[in-house]
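Before anything else, here's the structure in question.
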């Protein structure tokens, strides 16, 4: 399972006076089993890009190859794409509509044309993956749940389609710190158990640095930077010039460096920073 | 696509038309609509088209922008056209399957289609050149005399203000929900009418819930900002008739007179 | 100055409960909370969802009324219907969702909504609207439609709408929860400026970094005040904060670790800026 995106370009309203280039020659590869972060400020083309991966938008130019199949090719059905690539939108709880949690989660599998037995099996499995007790929640109305629980139901609705690629657009937006941690932990757990490719769009650089194998940086419709978190966050000046934050630890070390305290680039882990700073203080090193 | 709807939208500008008193524009639009129904000959429409073209020119609203607003209602226009085409009896000029197309049918269908298009362009001109808030202010003022007989004119105007404010938000919301359900494999494009109607449920339920949530939040936010009905409220901008409004009034009256003249004398 | 006049808001033994639909059983959301807010102060109220922090905010603004105890705003009892508009004018409120609090489809008309409700003279409304829009750096957008603006810009319009009512205190109920980092920075910047201009600020949030900007932090959990003090004092209770599922800012966490390592990090190191300053001493 891998994804190759080649020269992806998307132009909104081509030929009209208000035409705008949302994606401009974007290329990247995602390897089997990777956890990929996508960062970039609002309007950088992130959400246009992920909608292409799911076939919701058609590229003006370029190709998207998932597991050897070109999604932009002739004769590829939408159902085929959505079986492979699942997309969880921002605030997904706003799309819940069924009377019970189980029915809502079954919506996706049903649309895939699966039989009753398989649907039930998948609903149970998805609920287990998002850590909602089937016996307790299956027959409840999704509208009676807490915000964090609603979000889990919505994510389960996509997971139940068993996509090989799971894309999540800011899955923790608006959650409190506890729900934020819980949802992230759950996503990592799903990634591990389902062995899927996870594409994680986020503004939270701490989460991206901590969780991802690879990071894509979008700016002005282009993919301007890609690499491991260490490589990407080492480019502090570039990220800052695009108005992006750094992980808290990286930001602190960056500021120290500005003040003449020699620190390595691309460090985002607090354990690592603790050691660096301890060494520095104890060593009493002087750069002058 | 769904965001292309310009009906009911305001096009910012500073033309003479923009600056007219909303009350005169509302009354003018009403008279214009009545006139369209008074007119019973193509020559009358020709006059209406010229007047409308002149007003659009003066308003500086791009024609393209206006026509874009027609797109979503194109279907309705075609529908009325076809309906009229087949439903009017008279001299048969062509036959399609079991339907007859009559000369009168063609005349009637074209006539109604033109009337509908003029109606929509004319009334969208009102909203395009009038800030929604002024529009509702104008309506509130015009309805005020009726509040003596129990018509809640302020409340009606407030409801319209908020409705106008949330039309774009709800359209955006609809777009988002549709995409989210599509990502879950929902198919809004194929199948028979019954199937399609069923597919609307996953859109409509979340949309209604959204609307209720907005209503609840809004009510609280308005209360927090000391909203207490219309009694003690003042307004930042007060309305006064100016010279241009008087001129506009005369022109509207002339247009109405012309329409009647066309009907009676031609 | 006497202590009494300085207290803009007094909360005395506040109890609040939501009733279930059948009207019988009730959940106590706020359980005997008492504290005062001094005029000109900047207080952050922190707690996870369901801790009662938003309910508390709505009690200060008389959007909700106490089931027990009392809330006084500028000496007015919020339960007194005579002065409900005085209460709301004194303590304005900005909500979480920027979309769902903007009334009008034109920015400046929305900002005028509050003063219009107060029956302010039209010429003065005009002036207040202009000033309020300038105060949030949105003067250029006065004739724009709110749905064309970014989340951060919309939230600044909502703030201008409250500022135009000339409140003495503004309660911000998770104003940045739905914003991206840029919007968050813009809004926090405005809040800081308003505070510097003398407005009493109450900021409800779950971001610890935002709380570090306040001069007082109140931690709420299950309807009660658990901690109350300066950011330094509160953040020094790192373990308790974690038990309540609240984090601490990275700098505080690092300072705690360094102290465990035997480094004498001063208590006022609660944000990145201060941490950098501290480390630079060893240069």
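Chains here go by letter, A, B and C, matching the order in which they are written, and residues are numbered from 1 within each.
Here is the rule we use: a residue touches a chain if its C-beta (ideal position, glycine included) is under 8 Å from a C-beta of that chain, and two chains touch if they have at least 3 such contacts.
The structure presented is a predicted model; accordingly, all values stated were derived computationally and were not measured.
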Separation of chain C from chain B in steps, with touching chains one step apart: 1
Between A-B and A-C, the pair joined by more C-beta contacts: A-C
Rounded Å distance between chain A and chain B, as computed from the means of their C-alpha atoms: 42
Cα-centroid distance, chain A relative to chain C, in whole angstrom: 31
Parts of chain C lying in touch with chain B, wherever the complex brings them together: 58, 61, 63, 85, 88-89, 92-93, 95, 97, 99-106, 108-109, 112-122, 125-126, 129, 143, 145-147, 161-162, 165
In the complex with chain C, residue positions of chain A that touch it: 41-42, 146-148, 173-174, 176-179, 181, 203, 206, 243-245, 248-249, 251-252, 255-256, 259-261, 270, 273-274, 277-278, 280-281, 284, 286-288
Contact set on chain C toward chain A in their complex: 48-50, 150-151, 177-178, 180-183, 206, 245-247, 249-251, 253-254, 257-258, 261, 263, 272-273, 275-276, 279-280, 282-283
Complex contacts: residues of chain B adjacent to chain A: 173, 176-177, 179-187, 201-202, 205-206, 209-210
Residue ranges of chain B in contact with chain C within the complex: 10, 12, 131-133, 161-162, 164-165, 168-169, 172, 213-214, 217-218, 220-228, 232-238
